[in-house]
Every structure is written in C-alpha cells, then in structure tokens.
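Next up: some structures, all given as structure tokens.
Below, subunit A partners subunit B and then partners subunit C, in two separate complexes.
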Partner chain A sequence: MVLEATMICIDNSEWMRNGDYAPSRFQAQADAVNLICGAKTQSNPENTVGVLTMAGKGVRVLVTPTSDLGKILACMHGLQIGGEMNLAAGIQVAQLALKHRQNKKQQQRIIVFAGSAVKHEKKTLEMIGRKLKKNSVALDIIDFGEEDEAKSEKLEALLAAVNNNDTSHIVHVPAGPSALSDVLISTPIFTGDGEGGSGFAAAAAAAAAGGVSGFDFGVDPNLDPELALALRVSMEEERARQEAAAKKAAEDSSKQEKGGEEQSSSQDATMTERASAVTSEAENKSIDFMDDDNALLQQALAMSMDEPASGHEMRDADMSEAVVDDPELALALQLSVQEGEKDSASDKDMSKLLADQSFVSSILASLPGVDPNDPSVRDLLASMQNQSEPEQKKNEENKPPNEEK
Partner chain B sequence: MACLHDHSCEDHDCSSDWSLYKHIDLPKVSALNEAVPGSVKSVFKAWEERLNSSGGHLESNEGDPELLIFIPFTSDVKIKSISIVGGVDGTSPSKMRAFINREGIDFSDAQGMQAIQEWDLVENFQGVLEYQTRYSKFQNVASITLHFPDSFGGDTTKIEYIGFKGEATQLKRDVVATIVYELRPNPSDHKTKAEGGGLSHVE
Partner chain C sequence: MSAESASAIQRSQVDLMDFIDWSGVECLNQSTSHSVANALKQGYREDDGLNLESDADEQLLIYIPFLQVIKLHSIVIKGPEEEGPKTVKLFSNKEHMGFSNVNDFPASDTVVLSPDHLKGKPVVLKYVKFQNVRSLTIFIEDNQSDSEITRVQKIGLCGTTVETTDMKGLKKIEDGH
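This part shows the complex of A and B:
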C-alpha cells in the first residue's frame, strides 16, 4: 500500500507495428499499461498515474498524474504509431512531471516500456540513472520488442545506476505465446515489492481473463455499485440454472454421470474464463476420458481453472498425439487452435461438429482403445447430442451477459 | 561530563540547551542522496551522544557530496543556533543553506531558491562550534530543510550529528488532522438542535 505517483513512458515508435507479440507490440503494450494503471489505483486509492509517449513528433505528456482511471484509458485510444523513441528525454520529462505532482508525500516512480533499440550512450543513461537515484525516483524498465546485446547491456547499466535498495526493477520479455501483460503480472512491477500487491496480482490475473479494465464485469464497483451488483446477481443465477440443467442431463445417462459433471463444471468455468478455450478443452477431454478415469478428470478441472495461456500448451501436447491424416481431425485441430482468440461464436461451430455423429465416431475410431460400438460410447454420443441443443440455447443466453462485459 | 566549551560548565547543563532534538518529528525526517535510506535519523541525538557514532551516521552517495535533509518538528520552535559534526578526511560539509517551512524541496529547487540563511562551515570534529542564526527569521519554525552542497574535497559527505539550540513553543501550525469525505450528505450527520421551529433540517 505504498503511496506512489507513477509516470508510464510508452514507446509508440515505428518498431511497435511488429506482430511478434500478439496482436501487435503496440496493442500488447497498451494492455499492459491498462493493467498497471488498474493495479496501482487499486493498491492505494490515493495513488496517481500519468502517461507520456516517447516517440512520435517528440516526447509528449498525455495525462499528468491522476487517480482517474477513465482519463488514462481514454487517452490510450487514438494513439498514433510513428517516429523514433527518445528514451533519455522521455525519462527526464517523466521526472519533471513527477516533480510537479500535487501530493508531495507520494513516492516517485517511472515505468518505461523499452520496445525499440536504445540509441543513447551507456554513459548518458548512467548519468540519468544517478540523477534519478539522487532525487529518490524509482525506475521500472520493461525490455521487450527489439532484442540486441547492446540494448540489454545499456538498460542493465541504467538500472544499476538508479537502483536504490531494490526499489527499481527490470523485466526482459521475449516474444512468445504468452501475452506481455500475463508475463508482467508475476513480476515485482505488479506485486509492488511483495507488500500486499500479490493479492491484487492474483485477482488481476483472474479478472484479466474475463474483463477489460481489471474489474469484475468491466464495471467499477465504486463508480456504479448497482450495475456491478446486478451483473453479479445475474451471473450467479445463470450459473445456478446451468448447474440444474447439467444435473438433469447427467441423470439421463447414468454411466455418463462423470462426463456430465465435467461438462457442467467446464460450463461454469466458461462464465468466468474465455468461453471457447475451455469448452473445446473439456469436450476433447471427455473423448479422452474413455481412456483414463480420474486422472483426466482432475486434469481437465485443473485446466479449466488455469489461465488460457497454459491451456494452449497442454492442448497442443494432447493434440499432437491425435494428429492423423484424418482431415476432419485436422479441421478440429485448427478450430481449437483458433479458439483462444475467437469468442463464443465458435462454441456453436464446435458443438455442431460434435453433434455430427459421423465426425465424432471417426475421431473415436482413430483413438486407441475406444470401440465406437461400445454401448457406453454410444450413450455418451447420445447425451452429447441432447446437450448440444440445450447448449446452443445456453450459448444464446450466454452471449448477452458476455457482451455486457 | 567534560563539555569542551571555553566556559565552566558548573553553571548550567549544556545538554539541556541542545534539547530541541526531542521536538523533532523523527518518523517524518527524510534526506535526499543518502547512501543508506533512513540513516538520516541517526544524526539527531542528545548532546552527550554527539560523538558516539555507534548508531550510524549519514553519508551521501559515492562521488556526490550533495545532501538535502528535511526536518519537521512536532511543534513550532525557535532556533537560536545549529551545530554540525562532520566526517574526517575531507568529508565534512563545507557549506550549509537553510530553508524554513517548505515541504518537498528537491535538489533543483534548492539550487535555484534563495536560502533563508547560508553559512560557511569549518571542520568541527568535537562538536564545539555552533553556527548562530538570524534569530528573528527563525521564530516560527515548523520544519527546516538543510542543504549541504559540497564537502571539503572528499568523495562523499559524512554527517555524524546535527544539533539545534533554541526554544520550543507549544504551538502547532494549522494541520487539519481528521477529514471526513462525504459523497452525499447524510442528513442524520447534520442534525442541529432545532430551537423552537422545525425549519433547520437538511433536505
């Protein structure tokens, strides 16, 4: 709960058009900025955050330190990409902006997103670092985007010059499958040197999967408590209804009890996590289920609680075994890989595919140890077909609450 | 206890003169460019302890002898004189500039602003020298900021002890201590004893 004024320096240079961080470096950066602003304002209501851009026509302060989250999010829209990043000037302007903060009791912190190459000399950066240290300003550096030896060396030197008692940090984020924000959540930049921030970080991780600004349902409970309450209540009701429906479906097929439970628990999870990733997950799992009983059930439940990022990798591992010449299987593979980005619209595709008996039986035939003529398998298929219709109806109803988010 | 002053100490007790340290708001003392965060608090102690450096001392960062110390008091004080004990080998501060009742001064402010008083210091390892203030200007001091721009040639500036001589008044500057913020007024919080009529209620 440190009282802090933070200035975030954004890199909006030409190098940010690159797509090696999904969907683009600039977008990943914007998401990370939103998350950081939310984290800072939640950890202490009197914290203020400001934003400036380092490239474009020149260093420009978009928002002076304020605790109004809406203002910060609004100014992130309509940002133009272009020009070259000027790291030294950016940090110096940030320092000046912090110097003129309204509440002098706040600690000063600068967070820099260093995406493009650093053209300044190491000496210049070290001098800047020492000046920051002298004025007790902490600095967090996020090294992503362009990767080269000199850049890392310079940024490490800058950190060494600024660092006073471990209040400053540097994070190197290489390009990869996981999002920039997800990587940052576990770093001390978010957890705030381990004091009470970790609770928020966990909440942010869960909320980030479902919301935009880090709040439940995308609505600030402080700004509009009634709306937040109404959304929460409707979510609970929907969940209760789904559980009742799932129980009913489970009763229909006695042997498929466990399968039904799995699907309902996965459907519960779809309410709070990215819908498509988990449903396809659970549906694939229910096919594999025929092979191992409890182990897979545990796995699927654990995975539906996990972040979609890790879900991706595990799914890939499973799928790699089932990769056959079967064209329908390849199509399913493609669909499930795309699931992670699409919304619940693809739910319907998946359920339609699975409702297609021939498709399913061809998959089952290709799996070892599964006999399509086995009565238990037949029952499962029947229950899934019954499920797919109420599921479609539920998906319709899921959509309005989902879109409200 | 030997006072090392050039007067006989039987008449008065030196330590009581230098007792303004008791009125310093220690938790709120801060310094800029200190090597060890929080070490600034160790330089405010009793007169007898001024040469005792077991509690630590204040040192500036390597290669940069500038120091800026912000000292708030728990009540308004009048400061008559200041005593500084510096470090050996040229690490004593050579100049001192004071600013009164201003919060949040940083180095660029300190270098630009006109100080309320400036002194040229000498090396004072025994702590026997005191620097007089223009007393009329130091009458209602709620906080004092001391800026030491340079040392006697050393790489860093070391300060072992800072002492203040003067009087403490019991007055405090206006500080609004408890503020209650209301989003919407709650009439029950604002009921006044209606005298006679019922017209003095808040809608």
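This part shows the complex of A and C:
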C-alpha cells in the first residue's frame, strides 16, 4: 500500500512492429501498461500513474500522473509507431514530470519498457541512475524485444546505479509463447516490492494465466470471502460424497442385476428425489410419531424411512449400472442412500421393520404401475408384518392418515 | 562581538530538538545505513561513531519541519575534519526542495564551516531571517576535503519558540463541571 506516483515510459520505436511477442511488441506493451495502471491504482487509490513515449518525434508526455484510469487507457489509443527510442531523455523527462506531481508525499517511481537497442553510453546511464538515486526515485526496467549483450550490460549498470535498498528492479522478458503481461505479473514490479502479492495481482494472474491460479477456486478470499467459503464447503461435501460413492461402488460391484434397468433407474430417480427432498424433514421429525398435526409429515417420514432402505438391494444393483450410464446420477443415488441409511440407523425402532419390508417393497417398486405411496399398498405392507411393537407403532401411524382420508 | 553572541546563546535559548516533527523529517541522498537520525536524535548524535553519510555524491539535503513556529538563533554542526561539511545553505519555510531547485532561491543564510566549527562551536545565524520558522531545509553543498562522501556527526539547533497552539495538545473540554 505504498503511496506512489509512477511514470511509465513506453517504447514506440520502429522496432516495436515486430511480432515476436504476440500480437506485436507494441500491443504487448500496451497490455502490460494497462495491467500496471490497474495494479497501482488498486493497491492504493491515491496512487497516480502517468505515461510518456520515448520514440517518435521526441519524448512526449501523454498524460501527467493521475489516478484516473480512463484517461490513461484513452491516451494509449492512436499511438503511432516510429522513430528511435531515446532512453536518457525519456527517463529525465519522467523524472521532471514526477517532480511536479501534485502530492509531494508520494514516492517517485519510473517504469521503463526498453524494447529497442540502447544507444547511450554506459557512463551516461550510470550518471542518470545516480541522479535518480540522489532524488530518491525508484526505477523498474523491463528488458524485452531486441536482445544483445551490450544492452543487458548497460541496463544492469543503470539499475545498479539507481538501486537503493532493492526498491528498483529489472526484468528480462525473452520472446516466447507467454504474453508479456503474464510474465510481468509474477515479478516484483507488480507485486509491489515483496508485499506478498496484492489481491489484484493474484486475481489478474488467475484470469490471465487461465487455470494457473493462486487460489483454489479462482476467487480471491480477500475480495469475496463468503463466496470462497461457500465454494470450499461445497467442494468438501462433494468430496465426501465421492468418497462414499467410491466405497459403495466397490461394494456393489458384486451385486449386478440386469433386469429392467431403465425403469428401475427412473423409479430410483423419482424415489431418490422424494427421499432427498424429505430427508431433512425426516431427520427433524423422527421424534414426532404420534403427533396428529404432523400426519402428512408422518406419511412423508414413513415414505422416507421405507424407500431408502427398501430400495436398498435393488438400488445397489441398479446403482452399479447407473455408474456406468450416468456417474452423476449414481452419485446422487448413493448420497441419498447414505443419508437414508443414516436415517434408519438413527431410528432404531424402524430398522427391523424396514428389513422385513425391503424385499416386498423392492418388488412393488420395480413394478411400473405401482405407486408405493398408495395407502392401500402400504396397508398391505403393514398387514404383512410381524406383530412386534415397532410394527404396531407403524400401524398406528398408518391408521391416522387413513382415517383422515 | 563574539562575547555578545556567546551570551546571547546562553540567554533563554533552548535546544530545538524537542520541537522537531519527526514524522516529516526527510533527507535526500543519505546512505541507508547512515541516516539523518544519527545526526539529529538524542543519543545518536552524541555518539561520534554514528554519522549521517551521503550516498551518490557529496551533497545532502535535509528537510526538518517543526511542531511549532520557532526562531532560530544558532546552529551546531559537528563532523570529521576531512569529510565534514563545508558550505551549508539554510532555507527557511521552503517545503519539498530538490537538488535541482536548491539554487533557484536565495538562501536565508549561508555558512562556511571551518574545522573549528566542526568540533562543535555554534554558528550564529542571521537571526532576523529566522524569526518565523515552520520548517528548515539544510543544504550541504560540499565537504572539507571534496571527497565523495560527506559525514556529519551532529546537527544541533538553538533558538526560542514563538507562542503557538500545538494542535495535537488541544483537548476537548468535558461538559458539566
């Protein structure tokens, strides 16, 4: 969050027509400039950025240091390529522009895009560097485009003359598949002298690098903590589900049943939906058996108690096929079964009943015309049960809804 | 003359170090390991081993704002014989000067230091020019032996304060007393 005034020196010489940086060197520079402006303004809203061109007819200041991003982006339009880069003059004019900045409390920084060859002497550059250091101006050099040893040597010498406590940096960007801006994002020029990566830089990296993201979900926890939290929670739930599914699939691979796949799977789907929809209710209301007010809920409860466990074996078989057909469906099924199992485990009274009913219900459910919700069907089921207490309770449950009807 | 100035120094002059606004003190062209605090701050400046040193060349530009308006009477600059400052220009109430515009304004006072001064003898300034000082800029132009680095051991300022309100000291009066 350093308060800074930055002047960006763009190289718009003839050498920038070259296409070795996609789409052209000049366009790559423009993109990088946009990114830098955004990063600076975001890290501290009071930061100002200015732009000047070094080639063309002469050094020309396009915009004096301002915090208005629109102005900066606008001035990048319609820039002509031509002429030769004058590095020394460019840096000196930049220094002058910084001297006349409005807010004297801002630190001074110059960012230079050195694309074409440097025609100045090393000594000249060193003198310029020392003058910058004397006036506590930091300098960032981006060495790209033309590559020759003399150029690198001169730029390194310039950096050594300016550098005061590592506030100045140099970055060498060779031509290659990645864009200039992408390479720059990971450098200290963007990350602000080791502040540990601003939120903007990381988000930009996530967007630009396309998948190579510093954050798990492409969402910066700093920018949007609730979203990041929600994503993380759902990821973990899904992972837990998948683990259970994997376990189930391993268990059920032995129980293959190959009849009536589609029907049963569709039935399973409908039952699953109902089961999953009602599961939450069932968990809450498992205690309220005798409450007349909740008759319908009891019905629903009964259904949910029945279905997940009753369809157990058949569903296991079908699920193994569903795994082949539709992995998502299989996951959903297994999830509901798992939760249904939880329900039945929590409700010990019903477990015995369910075990007895499973076979009957499975047969009934597999028949296309039979709806397990039908009271008559359920009466049938009830009547087939043993005369134990849980079943009696169940009978009582079934009776009030029937009486109501 | 010198006797008079000596007595003038003794008469109700205080060390203005307490009135320096430390948050605004700046020094251009200082070396990072040897900063201006070594020359100005209590304790550091008494230690002759701790110096303010220049970095890229021999010039130094020190900007000192004050917490309240002061009258500056004299200045003490201590330094080594060889690399101590020689020509020192003082500017009153000029903010954010740079090396480029330092010669654009006439200095409020210019002092050429002799080796005597560098041992700690105070230099009396043109008092009339420093009656109403909010900030002081000290420009050290060169040093005794024209070496690349200028070293300063101590900078002391003597003078008096003018009655001004210290805004930080203002406290809200509680109602109901």
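Methods note: the second predicted complex is superposed on the first by the 203 of 405 C-alpha atoms of A that agree within 3 Å, B and C clash if a C-alpha of one lies under 4 Å from a C-alpha of the other, contacts with A are read in each partner's own complex, and residues count from 1 in each chain.
Assume a contact is a pair of C-beta atoms (placed from the backbone, for glycine too) under 8 Å apart; a residue touches a chain by one contact, two chains touch by 3 or more.
Bear in mind that the values here come from a model prediction, so they are computed numbers and not experimental data.
Asks: Following the overlay on subunit A, give me a clash-or-fit verdict for subunit B and subunit C.
Replies: Aligned through their shared chain, the two binders clash on subunit A.
Asks: Answer with first, second, both or neither: which of subunit B and subunit C does A:Lys248 touch in the superposed model?
Replies: A:Lys248 sits against neither subunit B nor subunit C.
Asks: Does subunit B (first) or subunit C (second) touch A:Asn165, or do both, or does neither?
Replies: It touches subunit B and subunit C both.
Asks: Just subunit B (first), just subunit C (second), both, or neither: which does A:Arg17 touch?
Replies: neither
Asks: Given the touch rule stated above, what does A:Ser136 touch, subunit B (first), subunit C (second), both, or neither?
Replies: After superposition on chain A, A:Ser136 lies in contact with both partners, subunit B and subunit C.
Asks: Which residues form the common part of the subunit A surface touched by subunit B and by subunit C?
Replies: 99, 104, 130, 133-136, 164-165
Asks: For the complex, which residues does subunit B have touching subunit A?
Replies: These residues of subunit B touch subunit A: 32-33, 37, 61, 64, 66, 103-104, 106-108.
Asks: Under the definition above, what is the set of subunit A residues touching subunit C in their complex?
Replies: Within the complex, subunit A touches subunit C at residues 99, 104, 130-131, 133-136, 164-165.
Asks: Using the touch rule from the top, collect the residues of subunit C that touch subunit A in their complex.
Replies: Per the touch definition, subunit C meets subunit A at residues 28-29, 32, 55-57, 59, 95-96, 98-100.
Asks: Quick one: which bits of subunit A touch subunit B in the complex? Just the residue numbers, please.
Replies: 99, 104, 130, 133-136, 164-165
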